[in-house]
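Two complexes come next, and they have one chain in common, chain A, joined by chain B in the first and chain C in the second.
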Partner chain A sequence: MFELDFFIDLLFSLPKFIPVTLKLAFLSLMLSLSLAIVLAVIRHYEVPVLNTLTKVYISFFRSTPFISQLFLFYFGLARYVTFIRDMSSTFALVLILGLNTASFMCETIRGALLSVDKGQVEAGHSLGMTNLQIMWHVILPQAVKVAIPPLSNNFINLTKNTAMGFTVGIIDLMGKAKLEAANSFRFTESYLAVLIVYWVMIAAMTKVQSIIEEKLKNKY
Partner chain B sequence: MNKTLKRALSLMFVVVMMASMFAGCSAKEETTTAATAATEATTAATEATTAAEPKDPIIVACGGDWLPYAFMEDDKLQGFDIDVWTEIGVRTGREIKFEIIDMNGMFGMIDADKADFAARQITVTEARKEKYDFTDIYAYSPYRITVRNEVEDVTCMDDLIGKKMIYNPTSSSGQYLDSYDPDQTKIERITLDGGSAWEELHLGRVDATFTNYNIFEMQRAKGDYEVKQVGDPVFCEENAYPCLKNSGREELLEEVNAVLKEMRADGTLSELSIKWVGADVTDKDNIKIED
Partner chain C sequence: MIRIENLHKRFDSLEVLKGVDLDIKQGEVIAVIGPSGTGKSTLLRCINYLEKPEKGIITIGDVSVDASKASKKAIHDLRMKTSMVFQSYNLFKNMTVLENVMKPMMIVRGVDRATAEKTAKELLEKVGLSDKLDQYPSKLSGGQQQRAGIARALAADPELMLFDEPTAALDPELVGEVLGIIRDLANNHRTMIIVSHEMRFVREAATRVIFMDEGKIIEEGTPEEIFDHPKHPRTIKFLNMFE
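Here is the complex of A and B:
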């Protein structure tokens, strides 16, 4: 039956894989967030040509399963592109996960940009500000506040998507749990332990989110 | 619970987690050092045999989840396949690099040229032979029908007509079911992907599966499953290590095969088989089926 000793051992040995998962998540976040901001601005101002390309990009990454994107890139294209073949699995996962999440974050940020009243833009123009100045000084500071809750949703999803790492050979939290489950034939204990570790880890992240929200609340 | 106590408790949990995280980090370094030491030993052996020029390493993608062929225990990769490859490394004078990867990604690693061979009690199947070159066969695995303990009326495939079987479509069981029931009219097939056939059978979600006779008891006991093998073996797997066809590995394959032959001849292969599987499964005729 449920082996408490095994479960507790695992509960305390799994956290040493948190750094692997966090590293993947953090690097992907950096990539996706910076890309998403650029894409959202392109979408917001409907920059010719780039806007169409961005739409195709977003449509592709939002409408196809992440695992198929990862496998096509890491295993499929690797046959034809030496640079992908020689790429580390960590780099590949971060890249695809970053590109994938950027498509969701872009829409989140675009929504936040839209939430700022047009009147403020007109007011900015009347003061002789350029579009970029209005974006930087007027729209962004307000949009950030609106964007934080949905962005952290995106970030949480991203963090959980790193669990796909083991399919390309990264032994992260999920990979370790899968190995433990398969080798011990103790599925209940292994998956329960990994769930708890993910839960605590992401609950801690959410805590950071509410601190940031609290800080922003007092502005504007 | 009052707020201070709650805070104290959550703080404590975070501290414990952080502590084990850091403890984990240093433990990891130790294993790495151990691994490096092992590699150094291999490299030393390499240098002894080929002092002139170091040969390319062989990259082996393996599951890390398959008892007793390639599994993890105490954070260490071990098993029959692992020992065979380590020995191949010593005898060819090449370093062996093991890449642990999910089952789904194992063949992907070979396809993508990221690994030379794969190892996880892999079966030679007709479909796989079209795409991969296999080394010489190093083990035989007879498969038997496996049902729950209370089932009394199943002893052969025909007894399973109309019932549910869980199987891996790309392995030997898929190949066998395709020949036994090509139109898929006799047996309802449930595809296994990522889960465990043992769990599914034990829980009663399926009626039967195939399991490897050689390692049945070892795996069954580990999970405490209330299942049994019945009847004669329905098919026998031939296990070998695949590499990608037409990928310039012909010479490497010959080199590995020569070593496998040597290991078979001097008894090393049988020895490793007995060490891990508990019986000599390297020769088909040695396997005696007993209930």
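Here is the complex of A and C:
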């Protein structure tokens, strides 16, 4: 039967692993966001060669499951490449999750860049601003405002994807729940507890997201 | 001294400018009139390379750009000599009125913040926007936005100002405030080219009127010559529509 004491104990001990999950999410976010901005700018200006490579990159990472990408890298390529073999599982997860999420964020950011009307770009040119100056001072500040709601959704997906870390041996929220379940055979209690912890955590993140959106809305 | 020689521009199969020649002396106020779609705006946009002409040489002061071999640097130098006022204002939406005028000075010419702010405030006072300095464009009327656009263009201290139908998007009651400012600039002998359909304004403010049709300059002269004694049949036909 459902062991309530076990469930409640776990519900209160699991949050200790929230920092592990958040650290994975935050590092992946930094990587994916910086990469996505660069890729979006390449797509926006249709930089020769790089634009084509970016398209292939995006197509690959969007059209294949994250877990397959992670396994190919961590278990497959590691057999041939020493530095992957020596890599910590945390590093590998952050790297592949970052690369994966960047492909989604790139399209989000590209859409936001397109939302800034061409007239402002022309005004910038007519005043002697370079493409880079226009991008930095005019387009990006406006694009950020447009991009934040969809980027927050990308970030939430990313945070949930960190749960895949257990497959490469990371003890995060999901990893801990899996261990507890395997040791006790109390699968229902363990996985229900971990789901509730994820739910509360992501709900809190969503709240923060709406506060940020509200703040930005009033500016211009 | 501003000289445009044999300027050609086509959009795919549509030839918009078919060899435009124009000499402008300092202090001249040139008004370009003509039917829609005859290349008036394209002419202005080619002068600062918002559109790249196929052929032709544009000279402003010591900068000369030949379309057949225009380098990035030459285009940049040319743009530094001109500034444009757009039909749709095109203010930077993420900047306040004050920032719209002062930021380009700081970014493009490296003017320090204090100087840029002082100049911007003076220019905005000139266009009557001293009480709107900290407003974002979305909070302004079309007339106010266009006046801010003019202040921004003035801040670039251009040798030639280009006005691309500056009042065409405005409600009729707001046209006057914008034309008033352009007239002041004209009276102060600022060199400019204005594309406009406001014939009364053109007659009052311009020192020379150019009538364009089908990608060419058909006739030019003083406002009196063009409006009172037009010679070319197409000019006569066009002006009759405004009677």
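Following the convention adopted for this analysis, the second predicted complex is superposed on the first by the 220 of 220 C-alpha atoms of A that agree within 3 Å, B and C clash if a C-alpha of one lies under 4 Å from a C-alpha of the other, contacts with A are read in each partner's own complex, and residues count from 1 in each chain.
In this text, a residue touches a chain if its C-beta (ideal position, glycine included) is under 8 Å from a C-beta of that chain, and two chains touch if they have at least 3 such contacts.
These figures come from a predicted structure and were not determined experimentally.
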{"item": "Joint occupancy of chain A by chain B and chain C, clash or fit", "value": "fit"}
{"item": "First (chain B), second (chain C), both or neither touched by A:137", "value": "second"}
{"item": "Which superposed partner A:187 touches (first chain B, second chain C, both, neither)", "value": "first"}
{"item": "First, second, both or neither for A:126, with chain B first and chain C second", "value": "second"}
{"item": "Angle at the Cα centre of chain A, taken between the Cα centres of chain B and chain C once the superposition is applied, in steps of 10 degrees", "value": "170"}
{"item": "Which superposed partner A:66 touches (first chain B, second chain C, both, neither)", "value": "neither"}
{"item": "Partner chain in contact with A:45 - chain B first, chain C second, else both or neither", "value": "neither"}
{"item": "Dominant contact partner of chain A by residue count, chain C or chain B", "value": "B"}
{"item": "Touching partner for A:12 - first (chain B), second (chain C), both, neither", "value": "first"}
{"item": "Chain C versus chain B - closest C-alpha approach in the superposed model, Å", "value": "33"}
{"item": "Chain A - residues contacting chain B, complex", "value": "12-13, 15-19, 71, 74-76, 78-79, 85, 166-169, 171, 175, 178-187, 197, 200, 204"}
{"item": "Chain C to chain A touching residues, read off their complex", "value": "48-50, 76, 79-80, 82-84, 86, 88-94, 103-104, 107-109, 136-138, 149, 152-153, 156, 162"}
{"item": "Residues of chain A defined as touching chain C within the complex", "value": "116-117, 119-120, 122-130, 133, 137-138, 141-142, 145, 219-220"}
{"item": "Interface residues, chain B side, partner chain A - complex", "value": "13-14, 16-17, 20-21, 23-25, 27-28, 61, 63-67, 71-73, 99-102, 104-105, 108-109, 111-114, 196, 198-199, 219, 222-225"}
